[in-house]
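Note that subunit A is present in both complexes that follow, paired respectively with subunit B and with subunit C.
Up next is the complex of A and B:
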């Protein structure tokens, strides 16, 4: 008679195990992210990177336009860049856990033999980066509003649309991070964070810092296939109103249509995450990659 | 019996002095050059993703109607990011990684010079990264049809070599500092990306940051190296340059000597502290 395995448990028990894995991983992730230094230095660390990224774009824009920050293009670029911080943070938070546990702490093999739901654990590890990312987004937005005349009027913001878009977008990014985490099981340790590297690449295709019309025609369909494109458009519309919907890229879509597309693409990435995890997990087990170390 | 007295192996003469130094350099460079080429995913991520990131900045310039030469500035800056990332993650924080993986104690126990280990890491890193940076430069230039106008190729080669020598000297120096840190090392290396891209003018002429900011940023060799290369590669580079090319070459040469000497001194100093405080085998994970 076959011994009962962890996978034989009933659905409610699986959900309970997934929630427990997520919760504990979130706590663990926060400890790893934050307890290497004192809170003050950690706050500086969390602020410097995003502010420097934003400053690169601000200087580029300022040099070419002689400081025309009132032009609607500027808030388009600035807000896109500010909220794009979530893309790198969430995708990296989820996917880096694989490399961190496998190569640095060398605990991935122990996690694999523990009664843990691995995808839920990875998602939980992403929570810390989401929190620090949120802090970075707030700081970047504050800098833009205070020093660079980014138009922000709390009474004109469509808060329900903003909160709904933000929630849906973060869930979509976490699912994309799960796909990357699965792929990370199969690849070597890189000197950079794969989540941030892929986020850097998607920066090009999602219209984060320029309208998609600037891309060559053959690249535009890729931009329209990216859920991040619709997410950023919704965020801009909810915060800027008419200024954002004046750009031609997605002006033909209503907010409801954009939300529908974002939700549909998120479901698609959810399915892709399930398939990717199953495939990569099996391959990693087959090839003995669960405890490999690749630090040259 | 004479056959019984014969040893099972032919003794290899032990290398000492400069021969041992050179062998150590080559031995440490080998995994950098060969190992990295074996990881195909590294080649893909290093080149392809860098091209995409560079492209994003190129399209920003195009979206705001920048002159075409700025596209060239971004492509050259993007190629040089490969060296900065290599110095950060594979030089500065390498001794920390070696400590974590247990190699550092072996390096110190072996009868070789730690300076040779660092030089080997640097040389291997330069060769492996030059291949990637070259690929980024070539592909980026072809895609965006970047026009170069090289007037003084000797000066360009001198600037490139001096920049890399000073940059990797800085990496060797900071490797010793990182040796004393625990997890802070990883975070500090992570922190030194975007702020350095900004201060060193990877995507725009550093002159735009103002004189004193540019002077301060010149401690990073890529600041002056990139500025000089842009002046030598593009017709309007000289007008947008921070200092004249001969001055920048002079400063880079000084930085070279300074960083290499400091690396040698710091390595000995930090090794003594690390041995005294028992930090060579610790693992603060």
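Up next is the complex of A and C:
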């Protein structure tokens, strides 16, 4: 006989459902992420991809500044770019699951009728991308320290601040991914690049490789409203200490203030994710979009 | 509300609104379902029989909480499909035929195991059921095959096993044998019947546009066309409606301008359907009584149409369908596939 425990939706059961949704989705995400090619190629690809994109940035920087790699602007840019990998990985990874399941595997409706927590499932699908993303960040950092004199001294790193910021930041990115995933429920296939598009736009808006001052004045408030901006600043500060101030945009804030802002904005995105999911879920059911596939 | 109803619908309706791509103000409304009232007790194998576009899938989507109705209400396992989807989902499962779904890079076992996990089934129990069900449906030798390496038909069998794996109280099968060859379709029908025999308190709602499937398999059948349920009864009772009438199949030479309408104008001719057959035509007649036959033959003779073969036969569900909908199911299928 079936266990009767999953029959009702009392609180503990909701958590149990959320946990199994997350766990199984993480397993599935890892299978999808790692099984598309043989392990050797997978490892090579995982190393070469981040190195290639970092190399492009370094060459561009070198050409534009005539090789001023000692300037504090360089580590600012290098770290911003390295940690921005998480945005593409986690945020896009979470939201991509909707389109992947609906269009590619044609399983979204079966997942939807299962007694799971859809948001927890989507978060789980992002775990694998978080892991491969972490590897990419690590590789990029190692290359920067070993070959490009990015100043990194383990004894000068503020480890507690770094770990706290990283954790908070990844959670924040996952919540932003949930918002995107909810929106993806409502849109058709030809917008499947929504995740990439948003990640690309935010690259320019959150001071990853240049300060917000470079933006036209009317775009700056958007940059200041993005939690990624504060997160990247915190990461740089915790890793580099005082030389992190390549640009002075946020130098008026203390670490505590930055953490506070990041936490506050994350909570805000969490609420937004809840609202977006409820809204989009209802709309999708009303309009019959859940198993809608675009037959090209 | 009666507690032993697995499925209950009341004046259920669904309208799709389609917006014109260029001019968003132009809207078209498609009535997919209208005033559907069904009461399906637990333990029943209930069939929805209807041509393409009848609204079968729409009804299944509403009952499985994937789609909201525009009018009326529906209850599944006693819960409202709009307000209490979380209560319904643990108790149901669903399979759609004619599509290749599943994670191609996972093996058959992994695909099925994963879905069992969503329902909180312990791994060991899941694996036991997977092996058992795969054996019953004739897929046991493929358990370690990547599902992308399965043919469409075998993938569909895997998908069917996924539906049964969680031992749902109510199972929705949307054209489970669509696209399967004769043998595979028979495997699936036998599988469904055996499962219900072993679990008499489970309910299955199955849609099909194959007459035989509805006739052989289902305890009760609803005939649905253009969003409306036209009749709902056991296959025997549906056929009995026509028992008083006389059914004839007449093979004739080329009809020479003869029309079904002209024959239906004759007294005592309830229904006449004329279809092309090799080297001539097939005329299917529903007559109020045998004595109406001579006047039909008379008309044939007038037009110099010769009778090649004439049989009187027992009514089938096909005849019931023709009587209710006004045209044969097969004709509709053919048209849609072109």
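Rule of thumb we're sticking to: the second predicted complex is superposed on the first by the 280 of 296 C-alpha atoms of A that agree within 3 Å, B and C clash if a C-alpha of one lies under 4 Å from a C-alpha of the other, contacts with A are read in each partner's own complex, and residues count from 1 in each chain.
One rule holds for everything that comes next: a residue touches a chain if its C-beta (ideal position, glycine included) is under 8 Å from a C-beta of that chain, and two chains touch if they have at least 3 such contacts.
What you see is a predicted model, and the numbers here were worked out from it, not measured in a lab.
Q: Pick one for A:36: touches subunit B only (first), subunit C only (second), both, or neither.
A: both
Q: Per the contact definition in the header, classify A:105: touching subunit B only (first), subunit C only (second), both, or neither.
A: both
Q: Touching A:114 in the superposition: subunit B (first), subunit C (second), both, neither?
A: second
Q: State whether A:148 touches subunit B only (first), subunit C only (second), both chains, or neither.
A: neither
Q: Which partner does A:286 contact after superposing on A: first (subunit B), second (subunit C), both, neither?
A: After superposing on A, A:286 lies in contact with subunit C but is clear of subunit B.
Q: Of the two partners subunit B and subunit C, which one touches more residues belonging to subunit A?
A: B
Q: Residues of subunit A that sit at the subunit B interface in one complex and at the subunit C interface in the other, please.
A: Touching subunit B in the first complex and subunit C in the second, residues 36, 105 of subunit A appear in both lists.
Q: Per the contact definition, I'd like the list of subunit A residues that touch subunit B in the complex.
A: 36-37, 45, 48-50, 52-53, 55-57, 59-65, 73, 77, 104-105, 187-188, 190-194, 197-198, 200-201, 203-205, 208-211, 214-215, 293-296
Q: Give the list of subunit A residues in touch with subunit C in this complex.
A: It is residues 2-3, 5-9, 16-17, 20-21, 23-24, 27-28, 31-32, 35-36, 105-107, 109-116, 282, 285-286, 288, 290-291 of subunit A that touch subunit C.
Q: Report the residues of subunit C in contact with subunit A in the complex, numbered from low to high.
A: The contact residues of subunit C facing subunit A are 16, 61, 64-68, 86-87, 89-94, 96, 99-106, 110, 114-115, 117-122, 162, 166-167.
Q: Which residues of subunit B touch subunit A in the complex?
A: Its residues touching subunit A are 31-32, 35-36, 39, 41-42, 45, 48-49, 52-53, 55-57, 59-66, 70, 85-86, 88-90, 97, 100-101, 182-184, 187, 190-191, 193-195, 197-198, 202-205, 208-209, 285.
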